[in-house]
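Chains here go by letter, A, B, C, D and E, matching the order in which they are written, and residues are numbered from 1 within each.
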Amino acid sequence: MAKIGVFVCHCGENIAAKVDCTKLVAAMEGHPGVAIAHEYKYFCSEPGQESIKKAVAEYGLTGVIVAACSPRMHEATFRTACAEAGLNPYLCEIANIREQCSWVHNDGEQATRKAIEITRSLVEKVKRNNELQPIEVPVTRRALVIGGGIAGIQAALDIANAGGEVVLVEREASLGGHMAQLSETFPTLDCSQCIMTPRMVEAARHPKIRLLTYSEIEKVEGFIGNFNVTVRQKARFVDMNLCTGCGECMQKCPAKKISGEFDCGLANRTAIYTPFAQAVPNKPVIDSEHCIFFKNGKCKACQRVCPTDAINFEMEDELVELEIGAIVVATGFQVQNTALYGEYGYGRYPDVLTGLQFERLASASGPTGGKITRPSDGKEPETIVFIQCAGSRDPSKGIAYCSKICCMYTAKHAMLYRHKNHDGNSRIFYMDIRAAGKGYDEFTRRAIEEDGAGYVRGRVSKLWQENGKLMVRGADTLLGRPVEVAADMVVLATAMVPQPDSKELGKTLGIGYDEYGFFNEAHLKLRPVETATAGIFLAGACQSPKDIPDSVAQASACASKVLALFSRDKLEREPVIAQNNEATCSGCWGCVLACPYNAIEKKDLTDRSGNLIRRVASVNAGLCQGCGTCVTFCRSNSIDLAGFTEKQIFAEVMGL
Amino acid sequence: MSEPFEPKIVAFVCTYCTYAGADLAGTSRLKYPPNVRIVRLPCTGRISPMFILKAFQKGADGVLVSGCHPGDCHFDHGNYHARRRWTAFNALLQFTGVPEERVKFSWISAAEGIKFAELIDSITEEIRTAGPFEQYHKLIAETGSAASV
Amino acid sequence: MTKILYSDDLTTCFSTWRKEGIMTFGPVQEAGNSGFREVQDEKELDMNLILTSRTLKELFFPRTEPMLSYSIGKQQIETSEFLPSEKPCIIFGARPCDAAGMAMDDELFNWDYRDEYWFRRRSRSVIMTIACSTSDDFCMCTSLGLGPDSAKGSDVLLRPLASGKGWLVEELTEKGDKALQSIASLLKEGTEEAAPTAEVPVLFDLEACTTWLADPENFESHFWKEISERCIGCGTCTYLCPTCHCFDIQDEGDTYEGIRRKNWDSCSFQLFTMHTSGHNPRNTQSARWRQRIMHKFNYFSLKFSVNSCTGCGRCTRECPVDMGVRETLQAISTLQK
Amino acid sequence: MTDTIIPAQNNIYRPAVMKIAATRNEAPGVQTLRLEFQDPADQEKFAAVYRTGMFGLYGIYGEGESTFCVASPETRKDYIECTFRQSGRVTTALASAEEGDLITFRGPYGNRFPIEEFYGKNLLFIAGGIALPPTRSVIWSCLDQRDKFGKITIVYGARTVADLVYKQELDEWAERGDVELVLTVDPGGESPDWKHRVGFVPTVLEEAAPAPGNCIAVLCGPPIMIKFTLASLKKLGFEEANVYTTLENRMKCGVGKCGRCNVGSVYVCKEGPVFTAEEVSAMPAADL
Amino acid sequence: MSIQEQYRSRAKELLGEGSVKMVIGYGVGTTATRRRPIFITSPDETDRLVLDASCRTNLAGYLLREGLLADQKSIAVFLLPDGVRALNILAAESQLATAQIVVLGFEIKGEEVKPLEGTAAGDFSAIIAERKEQRKAQPSHEMAVKLEEMTPAERFAFWEKEFSRCIKCYACRAACPMCWCRRCVVDNNQPQWVNTSSHTLGNLEWNLVRAFHLAGRCVECGNCSEACPVNIPLHLLNGRMTDEVLTAFDHYPGADEQQEPVLASFRKDDPETFIL
């Protein structure tokens, strides 16, 4: 019989307050196969881990159960401790008596009984655990960065500058993302384009970076160090090799009234276009949805004027296959659809803008050349009302989170407005001012004290047009009275939301996402840039609302994770993989069909003289991810899953 | 007076979604009845019908099988396979008279701590109302006697 | 002058026995399938069956039987035994072929080491056999040296009256005699005639067969493959045989406690003799069929001077592919001539 | 209708409980357990019955029982040693048992080596791989009364050096001086520091060429080795009647009831497991 | 010429010209109405073949006899349409190659035996498609309807009684052309998922597992119910599984030899009404 050590963690009071740990220890001590049972305040602490290691050596333990928090917290910690004590780490299992016991039950007695049963059944499981050896897989030293905004560019440059190869995929025609749209950035008020464009150029010219713009991720297979990624390069209808970026075609394009995405609808563009003047690459694409030729079969004006014959209407989407070792997801965010707030009149009143539109107005490269004027009549607004939390922090509208950047950019907007229009009035309706960050609070203070930003604490309840003015009614909750402001322009600090297709991308990548569609990190505090899928990392606002400094910091963190991965020739992978018993396999190939990873191959069994006896399934350890779907399909119980074998689970259930 | 009936419920869950959801219920300090024992598997694809039968043999009054929502499987499509198996096995169980309330299937994501807690609440209550799975318990008891002279 | 038990008195007869604390058993038909089980009164019995689908052996050698229960603690093992009580039993309405099978298996189970489970059940039971006045296409007791009124293995033999109203009663053993004493008042003296016994044709020459089987030359004869080519290796013939006695010992339970059981097993099964090394002495279905025939008509008689086939015919009657002892012995018998 | 539980004095299926006094890894997947009876009555019964050659059913409740020989000799009856290869459910469980654990034992069953008949004769022991344990029981029975026998030769071979079992005892025998020990491994199975023979047992045996006169051979090994070694023994002039071997058939009951182990009419559990080569020759070869 | 004669001469021809090495068919049995499987290897023996309305056993399972097809030579086999479906599944699950099998197809309508056109498994797709539609339209077995109307407790009691008779002879498995696992799950003792004892609990487990393993694979040939010596209505269990895969997944077992196993494949929009 085994010699199992059971270590019951109090987790301070977290467990001990509900579960009678001493009783649990006593119950385990009397269990067949348990050599020792100990309790301690924090087994995850250094002395706690040391005591486990000591016990492993002293009692010659053949298995360890740590009854503590969720294995998702500290399984790795305790397995490493066991390994350091010379016990194969896979002979250690975690009994979850915190998240799934002490924290969720009120009755101590029942919680204790449950803790005993949970621990006992895992003791039975661990008795059947086998020593497993990590699987070594080679690493392809090439990273895929999805998204060419500031986060993606930062990650790509950091990796490339350290010598790693990068494929940078951007779905728009140019790099830049949202940062390229901004005017000046808080809290330093440096010009966004001035700091962004050089980085875009650097990325495009970097010998280690392969840029795929106007491209999207089609398929991702494989696993850490060994992904096979298919990228769809959308047809640009402009030959990138021939085009010189002279812009002649855009001049001649007759389809001129297309609402420009880059300027958030504040200006128009042509059907053949570059998103903005500083685009990288600075070569146009044809928007086949609006192109007259694609609609009517006639026109080809661009083709006629192109000096290098770069226009090709026959062009088709191309699929690019990539071998990738690690993936950085930096797909950014979108601004929330303001239709959600009918009461704010967005769309109805042309002078109700989103924060991003205001950025374009304030931008020197924007449609007004940086002059803040009303879209309706081109007049300079005398009074602007800013409404914060337009969407954020409003569970009734489905967004409970704070978009994090709005407080800052609204303060910035008020400032920019005053800098450009010294007599302008700004009134800001807010819930709280959240200005935590280096120089942030000072920044908002400056807006109030130096630039006359008029903060009104309260929500806006109604907005209507009256005598050419936008009437804004809200409440000043500090003064406890209603406020009505006649404004010339209203700017909504709309919520930051995930990209509309983020969930699909999550499925393609096999990474988790939350209810909104922001991608899930492996651990909010301790593994904030990793995902639960090894080899895939998160940078920027695709994980949660972020400002530029945070996005850049996270991008660099991703780069360091990727580079750490690339610093090794081989990777060790969890040996939780399927294994086939060839003696009992009948070769029906149900497992082959069921496997999501094509990890099961057909293998010939031959006699000594090489004659085929029969064919059996054989698991490719490199490809298998350990889901166990094949095991359940296998009628003869031939395939089994290491770490979760039939014997282990049988014992676990029968030990309940 | 005898003790009130406390059902024994065994839950087979995937580690990526429902197990994480159950953890979330814990970190959110939600409360639910202590009748459920969770067996963690890598994926719903790994959950064999045999597990359910063995849970009953161990005296379970109810069994819950739960994993990621369709499309959310960490292993891409383990849960689609699982769903087919459950469809067939569930039909079989019902046909052989295992009452519907004894075996439940659900999708609970890592974000659905509340759903987990509420589900455990409701199935515990349902089984508490239905009472012990006497018919199965009788079969277990019979294994200790010989069907003969 | 002979004793007669009238059918009309059966009700009293059963109630008398049960009042005395005797468990009563008999042939019962359920869902188109019949076998022996405990009955409260005679109304549950089906007296029209030529032969039950399942055999009498189930009562002495149940298809699954708890032998021991164990519980495993830390540094201790507790074992307790399930052993049949000594409560007396009367089995009413067995057939001669089945009863004879019990006598044959007595040899085996009491050989040298006594199997307490079998022995206790046998010791406490009285088999009251009814001679057969009808038979079917598969009956072949006469070919095996037995007959529709053989007394072998029975404690009491009941011969149906020609009138169909009861049975002539012959006590054969002390146990049988004792069982009859408690219903002595119901046994009427009379001169009624017994119905003629069934006419069961002799299908093969048993001696010729056993001679052929005893010849080592024939062990590897092609005959075995040919006769058993269609055998699908199901255990039906062995499980429905009154004398087949092979069994398995299995532990069942959870981690902490469980039951060690004796379960029927069959020499027809491929895994029956398989070594863990993978080597299997009887690796083909024909070798397994040969084992079954050899065991019944050669090995068993070498050990116990009696064959272990009673000619009940169930193996042929129930075989899904129409095989059986009958076809094989008929074929051997033809070979010999 | 549940049967009441009445303890029987002589329930042949009720095992005795034994404690593991020591475990020893012999070779990859091969282990030896030294067992001691927990109940003195069981020990007494064992001591009264046990003779070299007999086997037992070793069990772990919940897993079942497995049959193998008693590898300790009749001259040392205060414990039982058994050696087994981990292969099935029971042996896997036994292999993971630790010193101090309790297991069960039924037996000893079967016949024995007629050691008295070997008095005064030369003895030749031949074993292959994991079949040394039954031979070892006879070897120690004889070595413990060394003066009653003539020359003793042991030929033992395994696939590889690692597969040799009882390595300590092999050294002990080699050093005794009153035993001729011939060790061999199959070609390719030798290690760099291997100082003994390389070759298959029958070949090595023929080279060693023990004299058949007044000699008893005890031969245990896998079926294929037995077949070829018997041929070699015949070539050397041994008569089948003077060659003893053991059969290792699958068993469940051990007492002649369950119907598994018979070869022809011979019940290995009751009439065996010890047979002369002559007796084995009389059995139907196809059933072996 | 009677159909029996036609098929005898067909068999004679096949064996005579050497295009098959064996014909698996039916021969006379112990009694007038019994038929037994026979294996004919010589053209001279073909008159032992019988073909009449008593020939109901599905012979497809014999094709998987160890080594039988190893020499790549062809074998002819008498098959009812369900037998051809079984053949399709065996091919779909890579247990044999249909190219090696010559089908002697026939069907039984009432007491009449009718020949079926075709020799290769694929030749019978039309009749199989027709059967699928029939199966869809076919009213459930009378007992199945009764069972569905019962309360779960009554259904449980019904099956408890039926399963209590099971003697674990595994004749159902041995007779089933789909039970060809090299090792049956019940014979895996590490771990012993299915209790091997024939107490009702063990019997319930065995019969549920078998029905589940046959879900989408059972061709409803009736071999198991026929073989069961204790008359357990196994066809009801298997029929229920067939109903389920047919309605939920539009899967008719053995429709063709490319058919994917229903439980190793999926559609994203598979129904899931019962999942919370």
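Everything that follows uses one rule, which is that a residue touches a chain if its C-beta (ideal position, glycine included) is under 8 Å from a C-beta of that chain, and two chains touch if they have at least 3 such contacts.
For clarity, every value in this text was computed on a predicted model and none was experimentally measured.
Asker: Counting one step for each move to a touching chain, how far apart are chain B and chain E?
Answerer: Each step joins two touching chains, and the minimum needed here is 1.
Asker: Central chain, going by Cα centroids?
Answerer: Ranked by how close its C-alpha centre lies to the overall one, first comes B.
Asker: Would you mind checking which chain's C-alpha centre is most distant from the centre of chain B?
Answerer: D
Asker: With respect to inter-chain C-beta contacts, which pair, C-D or A-C, contains the greater number?
Answerer: Of the two interfaces, C-D and A-C, more C-beta pairs touch across C-D.
Asker: Can you tell me which chain lies farthest from chain A, using the average of the Cα atoms as each chain's centre?
Answerer: That would be chain C.
Asker: Taking the mean of the CA coordinates per chain, how far is chain D from chain E in Å?
Answerer: The mean C-alpha positions of chain D and chain E differ by 48 Å.
Asker: Distance between chain A and chain E based on Cα centroids, please, to the nearest Å.
Answerer: 52
Asker: In whole angstrom, how far does the Cα centroid of chain A sit from the Cα centroid of chain B?
Answerer: 32
Asker: Where in chain D do residues touch at least two different other chains?
Answerer: Where chain D meets two or more other chains at a single residue, that happens at 1, 3, 64, 88.
Asker: Residues of chain A that contact two or more other chains, please.
Answerer: 583, 594, 633, 650-651, 654
Asker: Chain B: which residues touch two or more other chains?
Answerer: Residues 54, 57-58, 71, 77, 81, 85, 143-147 of chain B touch two or more partner chains.
Asker: Within their complex, state which residues of chain C touch chain B.
Answerer: Going through chain C, the ones touching chain B are 23, 25, 37-38, 58-60, 62-66, 69, 82, 84, 89, 121, 124-125, 252, 254, 259.
Asker: In the complex formed with chain D, which residues of chain C make contact?
Answerer: 23, 38, 67-68, 70, 72, 75-77, 79-86, 108-109, 111-116, 216, 219-220, 245-251, 253, 255, 258, 260, 262, 265, 267, 272-277, 279, 281-282, 287, 291, 294-295, 298-299, 302-303
Asker: Can you tell me which positions in chain D touch chain C when the two form their complex?
Answerer: Per the stated touch rule, the residues are 1, 3-8, 10-15, 17, 61-65, 87-88, 91, 100, 102, 104, 222-223, 248-250, 252-253, 255-265, 270, 284, 286-288.
Asker: Touching chain C in the complex: which residues of chain A?
Answerer: 30-32, 34, 124, 583, 651, 654-655
Asker: Which stretch or stretches of chain C touch chain A in the complex?
Answerer: Listed in rising order, the residues of chain C that touch chain A are 72-75, 254-256, 278.
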